[in-house]
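I am attaching a structure below and will ask some questions about it afterwards.
Letters A, B, C and D mark the chains as written, and numbering starts fresh at 1 in each.
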């Protein structure tokens, strides 16, 4: 049995042990493969890391990723004097007790959930959920774009009964909306992504958890099944979001096999993450933590670069070699009959390319403004397609996300040609503190907003929404102009 | 005689009694038919509701809407111990004594009235008057639109005498302005809508009270008559605003019969209210009240929707089945010779349709930004008509409202082709605290502003105002462009 | 001799006496002819009005405008008990001692003078100088317009010596700048407009005092002469600004005769003031004063208008019947060889008309935003002329004012085709507290800014400035578009 | 030996002595030739000026610019009573101890360096670094321009290895970035420009010190050499920035000879500084200092100008006669094979002219907004070239600076056609307080941002960046339009 004094003596990059749930692990060799970076572990070197580890890792993570011989067994505290005990890292990040959350009935829109979430999330978690890349331009622009499209309602139509159903990646959804991938739901509630799967199932909309779900995909599949059994019919579905890992093909094939085994019904391949974006609030927070912990700073790029060499990848975590041709073996592994959708496209050129590759759909997204800065909003790209290649809307399904908060936001995207709309952050905020009830309330609000707005527009079925119901003049001012001819001629 | 203890024991949704003006009423069956929603009554279940009831209901409402057998007679307080008395609901909503209103002479424009009104209105009333839908985009945009049209004045013209007269829905008005429908004036002053009828009559402009006038239409008709008798000539007129109620045809025909009997001279059919818009400040205020009163929250949309069913109407109060063809029996009931005008139109397409239906006029309005969010301002729609179907200005009269506060605002709409301009909220604010005097001062200010601006523009008659006096370049940037051809070709 | 007790007993609209400089005047009949309104006098009825009267009236005003029999002679205070003395109206409007003005050397631009002026001006004077009409849109827009024009400098040119001379209304000025009409300089400094005449003469630029100069035109003419004698050559000149008074022809001819007699060299006929604009800060201030003085409020428009009558002129002070044909007798009276310029034009149409009438120049101005709201800036109108009728620049001289504060502002107007630029408020602020020294410093700053900017643009003579040195793209976005064809075809 | 009492008695414009480093100098005749103005010296007349002198003058300045007979020798303090000692001017400008700078690892972007610099810079130095001309419009616009260009990323490309190398004025740089001229680095750190040369060498990018480097060019050349020897290969280079001095040809030729002797590899001729711009914060600060020191204020332009004379140059310091033809002897002196680049061009017309003159490159710049106000940003001018004369990109190299702070800023300029980007202020802020370490950290951040953004755009080599990767629609709205035809036809 390992003593706690032993653990304390392995507290460096050269030999790094940590305690998790009473067991000791040697993570020295794993440091450089940790997707969250080595420093995140080093801050706990020689200490008990359970409190930090637990909310961001699904069950079974250690078994799956750390070789058995690095599991050093339970820690022995008996030889320890009380004062020397390797106490859990003091929680640097407890939220001081602030204002209480409002009751759900008082919340009137999805922005309200963000306000309530900030009241109770610890700083680190708030930053993880809310941060975005560089100047926040992509992030901010996502929201601003909606103000550049106005609605053109028609009157004196019978709108007593309306239908909101849409087929989303093969699934007949009750709303033109799905829960988009967003990682680490346990930061907001102990039930984590289970809240999302439950809420989505109850309202019969799809849930697409992140590759980095803090609840394992197997548990989510089980949760969906039990929800479906409870109501006695098949409601809801799960989509599988795929980041190609560093060991591209091998890792991706393993993910795909899991997804098929667990009955995920669509594969959402994320294509905008060759490297991780520079989310400054996140990096600043971690840098301050490292500095306070005495961890020596290492610059992202070498301080003495050889001018004759190309630069290798910093900010890695995913494959930076994923290419269009990789879609061939991905499709083969996933099967011909289940939908494959590419997530993270932002230009009409890439939609043209995707259409050639015969994927089932593209998912316009700038990753919630978390990857490249200064990129177009999904509304912008939708309009770009409509101006330069409107025939694409007939060739594949187009999904979108990014800044959607209102029923009118959803309606605008549908008018422009989107098949359905994903929402990520709003659902993370809705489960924070409230759990499944918050997710349900958020879906209700969105559903009510869509219905009310459609009735006031004189529209009874989401399939009727088209360009005649929107005025996109202000967004057209921002369309690429200089290249119109070239775009139209060459693509 | 019913004892107050009896009343207190009927305090639930299953059996709900309330005291109004010393009489007891059983409103259990009426709860779900209350246009303001069941909760508004339930908050007072088993209690004295007089203070809340009185300002928002015209005299005779209970007689007209509650069957006689539910009138349970006077309440008996004699068996009551002092401490148990069913006191009126404590006024949750008294305005704490704040700054006093300024004397009317100091007020210089219609915005000043809003500032003065907020000083004295209780929170609930302020919210009712001022709130608008969703993000307030429609509401805000109404005001912003005026800044996108500038004036083009001409000099060296004799402007000693000028005329502001316009024929509005058949009535020769002294100003190109009328008082637009806005409900519940008693929230602002005990005389309620009487102040508006009086002010309008004195300045010889039309008043169009709301279907939900807190003074009965009969009383307003009587008030107009006595004003006219006082000055010995026929000044002012009343128009009838019509919401088609839930029992569409039956209810509407009853309203129309009333309007004819009381000599209302024009029928203004509101067509933008199939459901009620989501005014968040209003709903948030009520949700907080319900939560504090322990009333159980019910979501607007079902928590367990059947995905195979269409959605029925929440947010009801009016007919959501009113259609273009209903105009046939409405016209028939109202008569061929009196004007019918459709209020709430926002697109050139609907004006084209209205012209085909041979109504006398359309009334461009987005309901003060209280219904659908992100809709065009009236100025925008006027320009849309001018660009795509200028011949419509010859086929029917076009009225507008929405955010008008200044003489220059009115002039801009007239230049673009409007026949006259309605103002709603500003007159509600003008009567708040000040009564009829405030309304008169508001009309004076507006009249002075229009006159002064016209003289400075070199124009002596409102009929001369046309497109050569405005620069609409900035508004043209927002005109639908992509659809120009389609709009021009197909409509 | 009139006792002060007698004076006190004439304190109403029916009989109104005031004391000025120890003499008593009966102004009862004059009340309704006072250009500043009756209330301004009534506030001092029965009291000593010297302190309010003095700074806003040139010497000789009472002799010129009040019949001799209303001069009641000196007041006798001897029979007065100390406590009863008709003390001067307590100065309601003394500036509480605030921050001191900075030394002139520290001021770096003309905006700095505004800040310094506000430190020492009494509230009423500050409001008079700074106020503008309605929403302040015209006023604000004047400044904003400059930000829509950028400069296009050229490099590598010899700019060691440059010339800024321009001929302004026939006068060879050292700078392309003149002091524009602005009334009541004595509010800012006891020497009033003398400071402006002196400063202008010293830097050899024209001064155009207001009709309402608080120093008489005769005194200004004398001042100019003595400045010219001091330096021994002919520097500076005076222009005569003309408001046509209520008794149009008679009054104007008298003014013109004065102007000729006093050797004013150009006649600037103001054509944008048929009525006075609604400067709200001004009116609010006076209303509050009247209310506090117990003066009964009278609305601008009748509270009981006869709908069959046209509206007569409120807000009068000037002739509201001045017409294009009046220019015939004005020209005749003024003489063929001296320049006549029309001030207050804002559209290309009126410049076309002016060109037909063979005036020497037009002066684009919106009266510093004090008359009509929402009118174009001078830069806008210059560009309108250039787009639709560029030949006008060859037919007459075009002067401008409105919001000019910077050397670059002046340069932009010259590039667009203006002959010279007037500045009004900045010079009123520059004399406030500082007198003639402030005016000189303001001219120096402006001259330095123009020189420095021209050198950095690679331009050595103001006559070289043309459209190739500016980018007006943003201003072109605001040009009237819908009417292009009509404007170009019909004018 | 000169006594300190002697020094004190020479404290006026007529005879002005100062003590520097214990030696006395007679600077009376030099006052009017001091590039920083006479007042800067007069504030220290008769006193010890060492503290103010030292950080802004390279070693050897006195020897080079003050004749030997004005070096009066060491000061003798022995005869001085303690209380009379000519103490150094009390530091009017010590930064009160405020917040400490953050550790470098916490800084996440170049804006962070500005915040840190302001914490420790004395007011005068902060103003010198940060101030810009007039209204700050040019300065602000530089930054705003970047928000008008968005990026158009492509997905599914192998971006594992990328190259950032560019040839900048003949030097193969590891990044498409160089350190732009900015004066007086010793204000920020005692090592001054040495920090910049060192940092640039270590990352193998060029450094172009200012003519007014506070470290002599000779020392910088020596520093570069020793850096290169340390790593054993040739890294980094120095460019020579040239202001043509008042004695144009003679002075410039001396500079050029120095530059050749010291092996500077490119000549950057600044062409936008015929006079110094009006940096108001700077001038206000100095005016206040002069006023407090009792120095008599002298206006920039004569208070009594002769209207018949042209204006001579105020704000001098450089030659204001430098012309295109001067490039002939400059080229001759510098040699045919080394690059000459013109810095400070802002219009397509001047690039056309430069191409005719066969310079190797132009450097679009508005001098960080410090010279002319309201001029275009470099992005604007790049787009102007692309629209009107795209062939220019093949005729010469185009460099840019102005407001660049982010990797995406650099990428945008490269997409529009720039060869490389200079940054000035950010590097001055990075060395402030941090020295060479700060400069290195700043380069690392920029390098990381460029790499990360390129990978996320799907681009592996900076040479691939072109117009297809940007959307310039918003910037195109600001392109000169009226002149399109003329520009395209005539140039």
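Just so it is clear, a residue touches a chain if its C-beta (ideal position, glycine included) is under 8 Å from a C-beta of that chain, and two chains touch if they have at least 3 such contacts.
Protein identities per chain, from UniProt: A, B, C, D = Cytochrome b5 heme-binding domain-containing protein.
Keep in mind that what you see is a predicted model, and the values were worked out from it rather than measured.
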Rotation angle (°) superposing Cα atoms of subunit B on subunit C, nearest 5: 90
Equivalent interface positions on subunit A and subunit D, same or different at half: different
Suppose chain centres are the mean of their C-alpha atoms. Which chain sits farthest from subunit D? B
CA centre of subunit C versus CA centre of subunit D: separation in Å? 45
Averaging C-alpha coordinates per chain, one finds the centres of subunit B and subunit D separated by a number of Å equal to 63
Could you say which residues in subunit C touch two or more other chains, in rising order? 477
Touch graph of the chains shown: is it line, ring, star, complete or other? ring
Can you list the subunit B residues touching subunit A in their complex? 134-135, 137, 141, 271-272, 274-275, 277-278, 280, 283-284, 287-288, 290-291, 297, 299-301, 303-305, 307, 310-315, 320-324, 326-327, 342, 344-347, 349-350, 353, 371-376, 477-483, 486
Interface with subunit B, subunit A side, in the complex: residues 103-106, 108-109, 146-147, 149-165, 172-174, 202-204, 231, 235, 386-387, 406, 408, 412, 440-441, 444, 447-449, 451-453, 455-458, 467-468, 471-474, 476-477
